[in-house]
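Chain IDs A, B, C and D follow the sequence of writing; residue 1 opens each chain.
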Amino acid sequence: METTMIYYLIPTLIMFCCGVYGFLTRKNMIAMLISLELMLNAVDINFVVFNRYLFPGQMEGMFFTLFAIAIAAAETALAIAIIINVFRAAKNIDVTDLKKMKF
Amino acid sequence: MAIPLCMFLILGLLGMKMSHKLAGILGTAGMGVTLVLAYFTAFTYFFSGSPDFVSSEGQRLQYIVFNVDWLQFYDNLVIRLGFLLDPISALLLVVITTISFMVHLYSNGYMRDHHGVYEHGFQRFYAFLSLFSFSMLGLVVATNIFQMYIFWELVGASSYLLIGFYYVKPSAVSASKKAFIVTRFADLGFLIGILILSFYTGTFNFTDFTSAPVADGVYGVSLDTAQGIKNLIAGSEAPIFMGASVLTWALVLIFMGGMGKSAMLPLHIWLPDAMEGPTPVSALIHAATMVVAGVYLVARLFPLYLMEHSAMVIITVVGAVTAFYAAMVACTQIDIKRVLAFSTISQIAFMMVSLGVADPNFHEGLGYMASMFHLFTHAMFKALLFLGAGALIHAIGSNDYTEMHGLRKYMPITHVTFLIGCLAIAGIIPFSGFFSKDEILSACFGNSWIAYLWMSMVAALTAFYMFRLYFLIFWWKEHPVRQGHHTPHDQPWTMTLPLVILAAIATVAGLIPFGNFVSWNGEPYDLFGHFDWSIAAVSLLVAVVAILVAAKMYMKENPLPAKMKNAMPTLWDWCHHRFYWDELYMFITHKIIFNGICRPIAWFDRHIIDGTMDGFAYVTNKASYAIRGLQSGSIQMYVWIYLIGALALGAITAVCIL
Amino acid sequence: MFSNILIYFVVIPLIMLGGLALCRNIKQIRAVAVVGALALTALSVWLLLDYMQLRAAGNTAPMLYTDSWSWFGPLNINLAVGVDGISVAMLILSSIILLTGSFASWKINPLPKEFFLWLVLLSTGVFGFFISIDLFTMFMFYEVALIPMYLLIGVWGSGNKNYSAMKLTLMLMGGSAFLMLGLIGIYYHSAPEGQPLTWNLLEIVNNASIDKGWQYFLFPMTFVGFGVLGAMFPFHTWSPDGHASAPTAVSMLHAGVLMKLGGYGCFRVAIYLMPEAAQDLAWIFLILTGISVVYGAFSACVQTDLKYINAYSSVSHCGLVLFAILMLNTTAMTGAIMQMLSHGLMTALFFALIGMIYGRTHTRDIRLMGGLMKIMPFLAVCYVIAGMASLGLPGLSGFVAEMTIFVGSFEHADMFHRVFTIVACCSIVITAVYILRVVGKLLFGPVQDEHHLSLTDAEWWERTSTVTLIISVAAIGCFPNFFADLIKFTFSPSIFAVIGMN
Amino acid sequence: MESVGSIIMYWIIALSIVVFSVLTVTTRKILRSATYLLFTLFATAALYFKLDYEFLGAVQIAVYAGGIVVLFVFSILLTSHPGHNSERLVSRRRVLGLVASVATLVIAGYALVSRCGMLCTKLPQMSNPDMKTIGTTLMGSGDGQYLLPFEAVSVLLLACIIGGVVVARKR
């Protein structure tokens, strides 16, 4: 059996869909963030896979992933800071219950 | 010569800060100086015989003393402030300054109570009086119609201020308001008339309307100029408007201004109410000077009016109806100032009729002369009557003559002077009213016998109601001296002196050879030479009969008046309520204008116009609220929407590709 | 740049702003405000004299003191200045009203510093507007003048102030939107094909390259845009609410000067640049303004709030300004400008007095007041004088302005103009009705409220403020020819040759 | 033909990715969810290793598994009470989510499958990028080199540090 590109893409697709599902259904902000990480990760894998299969020897996909990871880390850190702050203020991190800042 | 005008302004402004007595003395003194100057001016004009004033043929000329540009509209249309001296302005200068001086003097006594304490606002009173005198003088010496309009407004305003002098009294306030608004409405007509006239002729100057230049600044009245104006308008693009020529429209509209100021019939309602002002004011403004401004205006433009027969007819009819109406009403009033007010309306209407029937072909415009003559004599005797009434009111403390009766013993001077006034207005020889009224009747006779009969009837009514007033005040029964009231007595010299002087003038003024001085074209006319004794005899007879009837009814207390009243209840009622004109106006102003126009407009503005604007805001607001759910901040909702969009796009792409 | 006198009309307010920012207490603030306003008044009077001298010396350029400094090259935006007689008159008006407004807000509370900051910023916009001849800078200054209004009313106002401030700002902004569209449209047609575009008024007039079709579109845009500020009939409703809620000085400046921006703009931009369209479309706006003249007057008759009465009377008077401008002849336009001056001073006087009365009685409802003549004679007399000016008493400014307008309007001989002129004339009667109604109820008659008996008459700063205004009103009323000549030169035949105005 | 070990390796990785992903979003305990995420990330790292990107795999483990997940765990511990289950999902919400994700799966999967020809590329030969190459590429400023993004990311990270401190600091 030959592990062609499709073999890598299908699991990442499933991973992405899981991310979508989680993001849409969860109310807990951290859970949503986790789902977001899943989607991001799925996309990263795609970059790498395409790079590896279609343009071996070049490093664009890899570097893109590298930066994406860095940015994801930054983003997560900041998001969690905000979440903790919100939790301090509202004692709750359910998105559906946080209406004070709306409008 | 025109320095007094400036003096009035200064006095008016400074008067506010002075002590009571000083203000009174200064005001009177200022007026006295003006009086002397005016007499000097008039004397110079009439008797000096200078070529500026009298032409070689003996025609009296119009002399422009000075004329400064005040406001230039375009090249040839300029408002100027100037001083035009001609027979009628000289005449009015004399009348105004005389009456004004008398009133200033009289007010020194009138505007205090019995203990000599000055009334509140005494200086203000003198300031306003000076303002009025200034404006009135400015009005009569106006060189152009717009200057006249300017001062016309100013006399209106000063009249407003003086009527509302007792500003704490609501009735005075509403009377002053009414006077101003009614005359303002009339002035609207005047203004439009001026606009029409000036548009077609391109000038405001009286001299351009009615006279031909004789020398620099000197003009002689000329019918040709007026004819030229008529031709000019007839030759313009649209000489006819709604069935009448534009000139007729202009003249009638200008006459409307005169109607307002002179209280002619539909616009007369303000004058009786104006009696709310202090009595000297009534004497000065609402009897002798301001109210004749309308007559003066028509006289000023007389040659133009001659050009338009229909305008003259309108003047005659309005005057005749007003004269009769006012005389009828005067017979039933019980407030002495109101009787005098209606009598004023009636007498001014006499002047108007006289102007209306004047015809250069009949005794060289006798009506014009008669009108001016009557203006002069009427000013004197009516001021006398008003000042006398003032003295009575001051003594009794009421305007209502049911509280007076039998005063002849208590106030002899007032009694005699008042009697002279009554005799003068009734037209008894040799008092002044006899001559002037007789001229008017002659002029009417020259026009048509209907006018003559009508005006004679009014003259009879005049004699009747004046003597009704006289008898009810001074006879009827003994004066009921009530507890707590001191007995009425004659007033201090400041008040009686004017009465005596005016009585003297009223007695002899009729003998002045008036025609020598004033006539429509300035050419002297021998009034006495043309005196029609038959008409005079008839009018005298009529007056005497009317006086006798009045004496019969009111000399002694008797039930006859009450019987008369009961015999004609409707007529009496209507007369007593002044034919319900006030109610009609109240209805029009309050019900129709206020409730029918203003309120709906205000409502419309608040609810429809503003409602539309608010509606825009409301819709915007609602729309924002409606779509703000889309920007809810709920990230899952965003993702949902995004996902649906993306999936739909993907699906469409997929379908399309297949 | 600083050699041009006009620029100081903007520089002085800016210095005042700086000065105000440094102020520590109310005394310093007043000092800065009064000194600055005096400086502006002196400057404008000096400008007037100098202007008259230049004109007397035979200078016949349409605008004097013209100058231009590039500001944003790629779009040809310049800071171009220049004045003619109208602008000079308006500058004097603005500086006098700023001066009296400063006196009238002597005791403004709270936050006096911020109040004066915004007030001065507003006047910067006003002065800048009147000296600009570059459409873009003009528009910019126009907006600078509008925006502070929101805060001034919203913070220092009374009554339903949030609503009023919002309404005023939004409606005027709506007008600005039309205006901006119009101005940009003008810009893109400002020069013939192939030549550089310009915002400069004078160049646009010289180029005369806006074709008629475009004029039909741009004229209504600009006219309505400025007309909103000039309280033209269906767009006037911001005025009663705005004035009623605004603090005294703001009402004064707003009615006295800002509403003039509308009339001035209508003339300077809409008619000056697009005379052909003005001539063809004038009838539409004549109907609207003619309505607003009588309509405002009628509405004023039944109002019970002093400021509402005055605001509606402003609608009526400003309607007359636009009405006269649309008559498109020299006399009527001269009258319009005189009416602007007259109305500015007179309404400022009115609002100052109303503010002072309100400050004492704490009500503006005429039904609750009465007999004030006895209690505060000075203010009452001033009020009567203001009223007389408003109803057109000769010797005060209202009369000459109205008469000039009517005489000018009457020059049109056709039925349409005649009828509307007569309708407008009727307003003088209605004006008398509502003015006398107020005067009668407010000042005369018995005292309505016992508490009012203890009130005091005007303080010295209030006297200064009102007397200055009364003197100005009387000056115009007594010597109208001086002002008429000042204004009239602007309408010299060469400028309006294009539509054959006389 | 690949080696059997490699294939087995692939299947393990693929299965763990799928399974742990699903578990991450279906478990009701948030801490477990984080733990499953950790496994998913490890599997991803393994995938990178398998595809010869050792450096990337290492970064994945160090930053993602080591950094981010730890952050998650801390924040979870800070914000939720131990033993607390997230409430049972409303079924309508769950069904909708499921429908959406399945639809995504179908459409994207269809897109993938319909391009099968291109996607069946065999794994080409490639030498592992050595550290030196990666280093010069990352820090070089020449053509195809990434100094500018690197700097941008570093500034971004700095901003995040400051932002995090500011936001999370106690008032």
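As a convention for this text, a residue touches a chain if its C-beta (ideal position, glycine included) is under 8 Å from a C-beta of that chain, and two chains touch if they have at least 3 such contacts.
Only a predicted model underlies this, so the values are computations on that prediction, with no experimental measurement involved.
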item: From subunit B, the most remote chain by mean C-alpha position; value: D
item: Euclidean distance of C-alpha centroids - subunit B vs subunit D, Å; value: 101
item: Whole-Å gap separating subunit A and subunit C, where each centre is the average of the chain's CA atoms; value: 62
item: Subunit B and subunit C, separation of their C-alpha mean positions in angstrom; value: 37
item: Between subunit D and subunit A, distance of the C-alpha-averaged centres to the nearest whole Å; value: 7
item: Per-residue multi-chain contacts in subunit B, two or more chains; value: 640, 643
item: Touching two or more other chains - residue numbers and ranges from subunit A; value: 20, 24
item: For subunit D, residues that touch 2 or more chains besides their own; value: 100, 104, 108
item: Each pair of chains that touches, named by its two labels; value: A-B, A-D, B-C, B-D
item: Complex contacts: residues of subunit A adjacent to subunit B; value: 20, 23-24, 32, 95-96, 101-103
item: Touching residues (chain side subunit A, partner subunit D) in the complex; value: 1-22, 24-28, 30-31, 33-35, 37-38, 41, 44-45, 48-49, 52-54, 56-57, 59, 62-63, 65-67, 69-78, 80-85, 87, 93
item: In the complex, subunit B residues that touch subunit A; value: 628, 632-636, 639-640, 643
item: Residues of subunit B that touch subunit C when the two form their complex; value: 69-74, 77, 79, 146, 149-151, 153-154, 157, 160, 164, 167-170, 172-174, 176-177, 180-181, 184-185, 187-188, 191-192, 195-196, 198-199, 237-238, 593-594, 597-599, 601-602, 605, 609-610, 612-614, 617
item: Parts of subunit D lying in touch with subunit A, wherever the complex brings them together; value: 1-2, 6-7, 10, 13-14, 17-18, 21-22, 24-25, 30, 33-34, 37, 40-41, 44, 47-48, 51-53, 55-56, 59-60, 63-64, 67-68, 71-72, 74-76, 78-80, 86-87, 89, 93-94, 96-98, 100-102, 104-105, 108-109, 112-113, 116, 119-127, 129, 133-134, 137-138, 146, 149-150, 153, 156-157, 159-161, 163-165, 167-168
